[in-house]
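Pasting the structures in now, so scroll down.
Two complexes come next, and they have one chain in common, chain A, joined by chain B in the first and chain C in the second.
So, the complex of A and B:
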């Protein structure tokens, strides 16, 4: 059963076509990545899904049908930056927004206290939101999004302003929520941040869907015939290797057709090369995106 | 309902804990009171101090006159008490003027009985100087034109003493000679304008801020526009009423503390009904203007533009302010009646008339009924335009777009 089903949505603002034609489905209990560079139309697509914007054409089904007031309490949405009252204390802000999601005041307070504790914000709960750092505000927004334990979580640019420790904490939290059965749509231009998190993705560019499907399959589709190797000495010449290029701290060996990685590994071991790393070269999402855009321009 | 109450409670607590609200509610009346106390104290020590500050002269106030044609044979009371000083020729009058014994002098020409023309000579430029004193020379000339018959002159001056017997049911009588008759409607106009505008502006600010913080996106995905607007309108309306209540109570307490009292002339006691009408017209006026302001808040992209666009909404409320003299001086003429019944001008115009007294009962009832109808239509229209698509469009504010959005919502 699909939690979200989007069919050929389009949305323009005056002469600007923010979303031209986008279709995708989000399955229950998965982390879905809505990815693309800035200005790709991701946020507009999200707002159409959430019924914040009416699409010019196309249809959206969310939690099995069109959006209504009852469904609002079943989803959590975190807009990109801000989204909290600035002039009131963090605790009061969270409790108020929690009660609007259907929690009782006590329930909202108890849950907020727990989450503030786990997000290291308990000491700041009596501060006004505007007095918190950007990173703290981002964490507070995440708390607000999950406070009422929604079935569907939609977060726009979740890693903005977070340091590596907090980024990892948010990633762990997303995985934990998925394990508990929540469906998560993450919208970000920081594609490298969600590579290991997402089950499936939609890669958008200029308002259109560029790539869509299972992340591993997309990677396979874009992985060249190559291996990444790192050794403690110079690499000897190996039969079947048609190109060598430096790739971060490794060497990327492009293989001839008919040569498989196993043959290359055997050849290296036969020549007594001490290997520190040997892996099939899988492109990063950034690389896939660039490749897909270039291919799109050529066709 | 729970969510509406949550919004209401949140808005009330937020506004009541805001420093600017506390200052406006408590600080302003106290500061105003203190200013009046200081001015009062200065006045008690030196009665002319305030006049000195504003430049009014407390010295010589007599005028002279030179009778060039020998018309003046009978002297009136004004000559006896020194308001008018006779001179035999212009040279001596001019000399007295230079010496500061008079502030100016009249030349009464020979043919005054035919032409009616007099010349007034005064050294300074003050076109208003004659406003409150010309009657003295008028009565003197009139008396002498009538052959010195003072009683006849007084009869011509005030030809009749009209006694009116009203056959209609008794109603509040206006004493046009009392400044209070005009002061109370003026004050009522100002208070109603300020309170309705102040409360409605709270709504505009609240929504414009939520848009700026992007909390609006979160709110739109948590509650329905109707729940949100209802909670805000009621909550901020209570805040506005509370502020008025604080002002009134503080005003009363401070007046008592200062040992003064405000006594109204007999026949102009403010009836209890005016308080009830006040509450009705405040609530209905606030519902209309608050909703319109909320609609404005939904359309403007930021607080700065919201403030600039406010004039579009409040313009009908300003009309009674502009025409308040007509409303107060001719409260039963058709323009005053129309303004006090038309729903957008009624909250201020009707209260101005009610404060003056004598308004037939059907008029406030009709005005209140029309305002209730308008409030319901406006609230419905604003709820409809309160869709996130409109709120988050980010387009600049245009009057046409606002009117279209409201009309579409109706």
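So, the complex of A and C:
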């Protein structure tokens, strides 16, 4: 069953077409990555999903049907940058926003206290939000997003302003939430986080979907016919290798058609090359991202 | 707890807990208290409570009786009789009295009185001496006649249908609707800041996006309006409480006649409520719509100035309203929603507003207020995520 199903949505603001044609589905219990360069239409697409904007065309099904007031308490949204009242105390802000999501005041307070404790913010709960550091505000935003234990979590750039320790904590939290059955849509530019966390992705550019599907399948789709090799000496010439290029601290060997990596490995071992590294060259998501966007612009 | 109540309560607390609000809340009472205190202090400083002397050669004050005071604020000035001018002069020179009056033998014929003083004497002492004279000159006249001569006639003017009447002792009751009208203008102007900035903070913080995924735009705008109405109601209650307290003190402690004779007819109260409530909602919703359309609070405040101009517009027609309160132009202004609240309340001072005009005006005001609330909700929904970009009127109505 799909938690979110988006079918051919389009949204314009005056003459500006923010989203022209986007379709995707998010399955229950997965972490879904929504990627794209700046101005790709990701945020507009999210706002259409959240019913903040009505689409000009297309349909959105969220938690099995169109959005309504009851469903709003079943989802948590964290916008990019800020999002909390700045002039009130952190605790009051969390409790108020929690009660708007259907929690009682006591319930909201108890849950906020627990989360503040685990996010190491308990000592700052009586401070005004604007008095908190950027990292603390980001953590407070995350608390606010999950306070009411939503089924669907939509987060825009969750790792902004977080140090490595807190980044890891948020990643662990997201995996824990996924294990508990929550569905997460994550919008980010940090590709390595997407590689680590996401099950499936949608890459958008200029309001359209460029790449969509399982992350591993997409990487396979973009992987060339090559291997990465590192040895303690110079590499001898190998039959079937049509090109050699330096790739970080390794050497990338582009293979001819009909040659497979095992053939290359055997040949290297036969020539007594001492290997430190031998792996099939798979492009990083960064590379896929750049390649897909460039190809998208050319078509 | 309903969502509307939660939003209203949050909005209310957010404003009333601010230091600036508390200062505004207390500023009017404190300012008035200070002004009244200064006036009383100035008057007291100018007044001289030392006794007044008199030398009565005419015999009209032989068995003098004291005159009652006009109000309890007055300090009684003692009247001391001296048999001869020289004694009075000696008392004046020694500072025992501030001045003395000499009533010559032929006072009853000439009505000439001589006043001898060193420094100017205070108004209250002069007033009290002439009250003293009046009471004693008419000591043999029945009390009713004395009151009539002292206070003059209390003429009551009634409209032909008897629905309204005017007496000079009820001056405050008569002008009350006008005061309420002006009060409305002041209220709208003071609350326009809150209304224009109704979603400014949420837009600036991006909290609006979180709110929109929790509640509907209509719930947000209605809840916020309720909260701000609560803020304004608190302000009105405190200010009215102070005003009534002041009137109570004036009537019961200081004995002022104008304060004792206040009576407000139930029809007047009904009319004020019927006109002012939809008028306030209409202007509040318009301010809210402006606040939702603009990109910066400052820009909203400039635009809200135009709405305030609409409120003050009837003042430009004040001459016509006073001279011809039933002329077609004035009747038209009474029915036009933007000018109706002020023009109707002004007309009630000078004429009887026909029921059909009042009913039509209230109906139009209510309909306009409803439309304005709808418009505010729409402006909020369309304009809430326009960061740094104003929503144009064309867009507002085109997307409607």
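General observations
We adopt the following convention: the second predicted complex is superposed on the first by the 296 of 299 C-alpha atoms of A that agree within 3 Å, B and C clash if a C-alpha of one lies under 4 Å from a C-alpha of the other, contacts with A are read in each partner's own complex, and residues count from 1 in each chain.
The rule is simple: a contact is a pair of C-beta atoms (placed from the backbone, for glycine too) under 8 Å apart; a residue touches a chain by one contact, two chains touch by 3 or more.
Because the structure is a prediction, the values reported are computed rather than measured.
Partners chain B and chain C, brought together by superposition on chain A, clash. With both structures placed on the common chain, the touch criterion links A:86 to chain B and to chain C.
In the superposed model, A:144 lies in contact with both chain B and chain C. Once chain A of one complex is fitted onto chain A of the other, the partner contacts of A:72 extend to both chain B and chain C. Touch criterion met: A:100 reaches chain B and chain C at once. Overlap of the chain B and chain C interfaces on chain A comprises residues 47, 50-53, 69, 72-73, 75, 77, 79, 81-88, 96-97, 99-101, 144. On chain A, the positions that touch chain C within their shared complex are 14, 47, 50-53, 69, 72-73, 75, 77-88, 96-97, 99-101, 105, 144. Residues of chain A that touch chain B in their complex: 13, 47, 50-54, 69, 72-73, 75, 77, 79, 81-88, 96-97, 99-101, 144.
Contacts from chain C toward chain A in the complex involve residues 1, 3, 6-7, 10, 14, 201, 205-207, 209-216, 385, 395.
Within the complex, the chain B residues that touch chain A are 2-3, 6-7, 10, 14, 210, 213-215, 217-224, 388-389, 392-393.
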